[in-house]
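To start, I am sharing the structure in question, which I have written as structure tokens.
We call the chains A, B, C, D, E and F, going by the order they appear; numbering starts again at 1 in every chain.
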Amino acid sequence: MRYAYFPGCSLSASAQDYDMSLKWVCRFLGIELQEVRDWVCCGASSAHATSHLLSVAIPAISLSHAEQSGFDQLTAPCLACLSRMKTANQQMGADQALKQKINDLLEDEYQGTVQVLHPLEVILKDVGLDSLGKGVQKRLSGLKVACYYGCVLTRPPKVCQFDNTEYPMSMDNILRSVGMETLDWAYKTECCGVSMTLTRADMVVHLAHKILRAAKEVGADVIAVCCPLCHANLDMRQNQIADRYGERFDIPVLYFTQFLGIVYGAYSRELGFHRLMVSPERALENYGIL
Amino acid sequence: MMKIELTEDTQKLSREIQSLTGENVNLCYQCRKCSIGCPAVYEMTLKPHEMMRAIQLGLEEEVFQSGTVWICLSCETCNTRCPQDINIVRVIDGLRELVMSGHVDYFNPHPEIPSMHRLFLKLVERYGRIYEMGLALILNLKMVDPFKDIDMAWPMLSRGKLKLLPHKSGGVEELRRVMSKIREIEGES
Amino acid sequence: MIKAEQKPVDEILDFLKPHRKILLAGCNACVAVCHAGGEKEVGILSSALKMARKKAGQKIEILEDCSTRQCEPEFVQELKEKAEEVEAVLSIACGVGVQTVARMFSDIPVYPGLNTTFMGETDELGVWIERCQACGNCVLHVTGGVCPVARCAKQLLNGPCGGSQDGECEIGNDVPCAWQQIYDRLKTIGQLHRMEEIIPVKKWGRESRDKGPRTISREDLKL
Amino acid sequence: MKSGSNLEKILEKGLFAVTGELGPPKGNDIEVVKKKAEFLKGYVDAINITDNQTAIVRMSSIAAGALLVQMGLEPVIQMVTRDRNRIAMQSDIFGATALGVKNILCLTGDHQSFGNQVDSKNVHDMDSIQLIDCVRIMRDGGTILGGEEQIEGQIKMFIGAAANPFGDPFEFRVIRLAKKINAGVDFIQTQCIYDMKRFKEWMRMAGDMGLIEKVHILAGVTPLKSAGMARYMNKNVSGITIPDEFINRMAKAQKPAEEGIKICVEQIEELKEMDGIHGVHIMAIEWEHKMGQITEMAGLLPRPAVS
Amino acid sequence: MVESFSPRIVAFCCDKSGYVAADMVGKLRLSLPESLDIVRVPCAGRIDALHLLQALEKGADGVLIFACHEENCQSLTGNIRAKARMGYLHGIMERIGLEKERLDLCNLATNNGAKFAETVLQKFDELKKLGPSPVE
Amino acid sequence: MIEPNKAVTVGQRPGVADQNVLILGSGIAGITTALELSEMGISSTILERRDRLGGQAAVFACKASEKCNKCFACVVDNQIQEVSRRSGIRILTESTLGKISGDPGRFKVQIQSGGNESRLEASVILVATGVDFFNARQKPEYGYGLFQNVITAQDLDEMLHAKGRVLRPSDGQVPSRIAFFQCVGSRDETIGHLWCSKVCCAYALRFMKAIRHQYPEIETSFFYIDIQPLGRSFESLLEACRQDERMHLIRSLPSKVYGHRTSTDLRIRFIDPVSGGITEEGFDLIVLSIGMTPREDADQVADLLHVPKNEEGFYRSPPPDSGIFVSGACKGPRDIGGSIIDAKATAREIAQYLGGV
């Protein structure tokens, strides 16, 4: 299957490890990704705080580019991008006047035919849980993973239309189907506060701390994420958390695509492991990966 | 006890919000699920359900001076759980729009947040994409706290996580035109 | 009517100790009305006594009967046959009945199963209150039909003492002040002036308790 | 002169009388009586000796009264109808007058359930009104109750009784006063007054019935010691109501005892001005040593000497 | 022998609650002791103090009254009367040295089958510990 | 002619005795109507798709504490017993309605019982099909179906009915802290249930009283938006609950249950009624007071019998000359007591219709 690929600002900069591992996994699974022509930033989270019209118009630009290139499906691995694009689609679909207004602004009219999906959705839809286990090369059994989904993968359900809103299982199911052990825990969808990362780092540290602690409490060795922003907060702020709360976690935070990459036999370098702040070395030392 | 009279005047704000966002805050019956689920509520002077009530009562000053609208993380938790299906985040966005467009002018205890949004959009307009390093640096300079999160910068650079130079999108021209048209439309209204 | 209540069973057991066969005699008059000495109470007491004695390993045989009125020798006579079979009689009539039985069956012990308490009325089912002390010289016409002798804690005859407060007697416990009741009643019937009269000292000795048993003798009724 | 007592003389002369109160010991310790009497000496015209008050067994009021006579003081013996029948009471009146007692206060007495002999049987052969009548017959008729035979000697007694304007039913309280007057009472001591409004109302009713000309009324006062005591009395002592105003004053006062005396003195000042009030009976319960201060502050000193 | 002692229990059951609940015990497949005798009465208020006492006198190790919950008596206050009668008898039992536990009351409703069984079994165990009635 | 000395039941008119009323549903409304009709000498046939009578309330447990709390669960039992022994009431369990023909007053009805098909005639058809309970899985924040110790009030009722005990499903232990969440699936725009289900407040409070009585050591909390009074004894029930210091009535709906499958420490946050701040507490049993909804197959019955519905999807009464009547909670949420009252009124209406009054 062929997908328009919207990497967003993060994957093209700070989250190249996600970009690398995602592309590797998609290639492995036979999912074709083609970067959206001349895509622009989704505007999150400043556009919607400034002007509603702007918040729909900006993602519509990239969506129209995808449509023009003949795509009817687009995947956005960053939850902020995903959410803004799904929202734009949903709002234009529900409000013809708004759609008209937007189209008046765009160079190429957007018909609204591009379905926006997260890579998790893509994998479930295109590959399916039953087939995922086939290409497994390495077993990561015994490693306890807490899957952290972030706030807007499933919320609001009207817009996202994916997975259980409050207790999603898609990532757990995917990782389980490749032989991994994922944990039952309560903070799967608690917000990490990323929109405050530049202005109120204290809040982000506070929220990330709660999430990490919840993961530790259920005995997680590692955390799996599906968003570069969540990753940034959970992975990079562990030192700040230690400074502020005196609690050091050292829990490696990996993209779910990095786990898939490992089990499918990719080298850690190909998956961008060297870019992780908290080294997964100790957690993965028994698996002969690094 | 405070005495509240509902008049045309007190309903101004809720009507304004409704026309701006399509959301009717008068539907709120104070079940409090929004506030209890909110991850940022601990930082809010006015909790979300209190804000809904304040809007219903037209307490404009309380609503804006609380700064709650800027503390909101837009995580959609309240929206998802509101039994009255009020899009609270959208209401908050509407309130933010009123501030950003200069429609209302109250003391804001968190001025750095709207500043960040303005700066963010400025960078988006210039490059079409976000240039994280630049955004963080400029913002820190603006807030007179140049070394905030500096502890994170070196490890990020060393792992290739921060790009030192901006990277322009091919779509930036279209984006600029869209943004300037929107400014025109919204400036008119 | 006369009100009574059962003596504690252990007390009864104590004085029945020497006996192995007794007659338990109830009375179908006043004490049956106040559920202390009627047929049903005979059954219950009998059952309880038998169990207690069985438990103590000293069985007792109990004949049961219940007179129409134990204060009338004529009715007590009906118990005679059973009384002759037993070592003692346990009477659960009022004190009068016990004495009548004792007088009629002069050669066997007769024991009381009840404490005779007062003459009173039924306030509600299961609640009885004292109303008359048989002082022998009724003043109810002066006191609006409320007796200060039976109902005032100090048996005052000339109005309430200083302790009457909000209708309650100074002794508390929700006891109503009889004189407040008298006052209210006299006010209602327009005879408050009755309270201004000084009731002179009462002839207690001549009229009531201190002269041995009072006797009423009606020549017109005697045979 | 009915009795020739000091109290009678003062009242007959139209002077403002002051009486005090003395509770006899719970035993036979004469020193207690003497000590308490010393506190009162010079500040009062006569001293009430209580008769087994609140049904607690104490030295007989007649015996204690006799001790006071020996000290040159004037007792008013209290006699309650609770504990004795008419034989005993008349006999005791013979004895009391023989020992020099000239004043008697005829009372019903608190119920025995308040005291330390709760299982005793109360007598109430007579009630207080009947006792007043009885003493009057002994004094004025010269016979005992219902008797023809003359008493050997003369019973000189100034007869007193109590009145409680604060008991219920309120409307009957004045009628009861009238009954006591009709029975032959010479002076009346009232229950402690705190509720001045109700007391004035009672006095007005008594005035309307023409009673205040027929009897000497001594107003009863008791200094409060603390807000706690005030609240306790208000709640638990039947026939006493203390207005919130006094309780609040006591509660706020830096020195509650001083405030209590101040309130008491204010009341005496007010009572002195009232028509029909011929004196005060100050019941300083277990506070006899304050009598000097109270009477001094109320301008009741020095006590007049009458002959 | 105490070990083989199987207490005899007489249960007076109100037709409006206890009796139906006893019936439900079977449906729930719970078991009851064999030595249980059920006396069906139209209302707990119809059980005379004399009947209760005589059940004990005639050999019951324990007597249970199953009555409707308070305020749910079809005859208004039959259950309260039963409770008061039990209280009266407890007074007598205390005086004659008979354990109060041998006479007990349980309020229940038609659908309290589990509670019926539990109450009987609890009483059964309690009586077992208490031993045979001393008046047998 | 009515013979002298022959017992005549109220409302009986010549010919009425030959009439048959077909009652759809053997819940409290259906069986009460059947009993009332039988009192008036009118026979009826009860059609029940399950294998037992009594509908939803048949598995409810008694909620008495130190005294009866007027839950009426035992009344249902009594009515079931009564309806089974009363003559003139035919009961068809495990049966469903087939085709209907004929006219009002003379309906011809096909009945499927097991594999068999039969026909009967009915003068009147009474719809007393009751309600469904809201599917609590639709409020995923509360974790019903995910967390074993999150159950519905109906689950609790069945547990209490069958076992006589309140136990945590995860480990069968007696819980120490129970929370009741009100308005789960009622007054909820997001699922289109705008109505108040009315019964849940009294239902939950009775539960709490019963539990607190049976297990004095258990702490219970009741989370609500506002309290809906229902029934005559409600005020005294509420007052008694307020007096109980281990029964906390908290005006705040929890937002989410934090826990995992077998958690016995389900964390919830709520607004502390005293401080106004947000506090977090753990519970080991959470009971969801789920609302009442129109039955899943409500449309089928409505189409078959031309029964109108209100905007919420509950039935409205058809015109009186249609020969179709509606009773009980299928007309909108009501409790056992309310259904009984409604059923009695409906029985009168049916008798009037049949008597031609």
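The working rule: a contact is a pair of C-beta atoms (placed from the backbone, for glycine too) under 8 Å apart; a residue touches a chain by one contact, two chains touch by 3 or more.
Keep in mind that this is a model prediction, so the values were computed, not measured.
Peer 1: What shortest step count links chain C and chain F in the network of chain contacts?
Peer 2: 2
Peer 1: Check every other chain and keep only those touching both chain A and chain D; list them.
Peer 2: The common neighbours do not exist; no chain touches both.
Peer 1: What is the identifier of the chain with the smallest separation between its Cα mean and the overall Cα mean?
Peer 2: Central chain: F.
Peer 1: State the chain with the largest centre-to-centre distance from chain C, centres being mean CA positions.
Peer 2: A
Peer 1: Calculate how many whole Å lie between the centre of chain B and the centre of chain C, each centre taken as the average of the chain's C-alpha atoms.
Peer 2: 89
Peer 1: Could you tell me the distance, in whole angstrom, between the mean C-alpha positions of chain C and chain D?
Peer 2: Chain centroid spacing, chain C to chain D, equals 41 Å.
Peer 1: Using CA atom averages as chain centres, what separation in Å is found between chain D and chain E?
Peer 2: That gives a centre separation of 64 Å.
Peer 1: Based only on mean CA positions, could you tell me how far chain B sits from chain F in angstrom?
Peer 2: Comparing mean C-alpha positions, chain F is 46 Å from chain B.
Peer 1: For chain A, what residues touch not just one other chain but two or more?
Peer 2: 165-166
Peer 1: Which pairs of chains touch each other in this structure?
Peer 2: After working through each pair, the chains in contact turn out to be A-B, A-F, B-F, C-D, C-E, E-F.
Peer 1: Which residues of chain F touch chain A once you look at their complex with the stated criterion?
Peer 2: Checking each residue of chain F against chain A gives 140-141, 143, 146, 256, 258-261, 263, 267.
Peer 1: Using the touch definition up top, name the residues of chain B that touch chain F in the complex.
Peer 2: Checking each residue of chain B against chain F gives 27, 29-37, 41-42, 47, 77, 80-85.
Peer 1: For the complex, give me every residue of chain D touching chain C.
Peer 2: 82, 86, 108-111, 113-114, 122, 124-130, 133-134, 145-146, 162-164, 167-169, 172, 175-176, 178-179, 182-183, 191, 238-239
Peer 1: Which of the residues in chain F come into contact with chain B in the complex?
Peer 2: 141, 183, 187-190, 225, 251-256, 269-271, 278
Peer 1: Under the definition above, what is the set of chain B residues touching chain A in their complex?
Peer 2: Contact set of chain B toward chain A: 20-21, 39-40, 42-43, 71, 73-77, 79-80, 87, 93-94, 96-97, 100-101, 110, 112-114, 116-118, 120-121, 124, 128-132, 135-136, 139, 148-149, 151-152, 155-156, 159-163, 167, 169-172, 174-175, 177-179, 181-182, 185-186.
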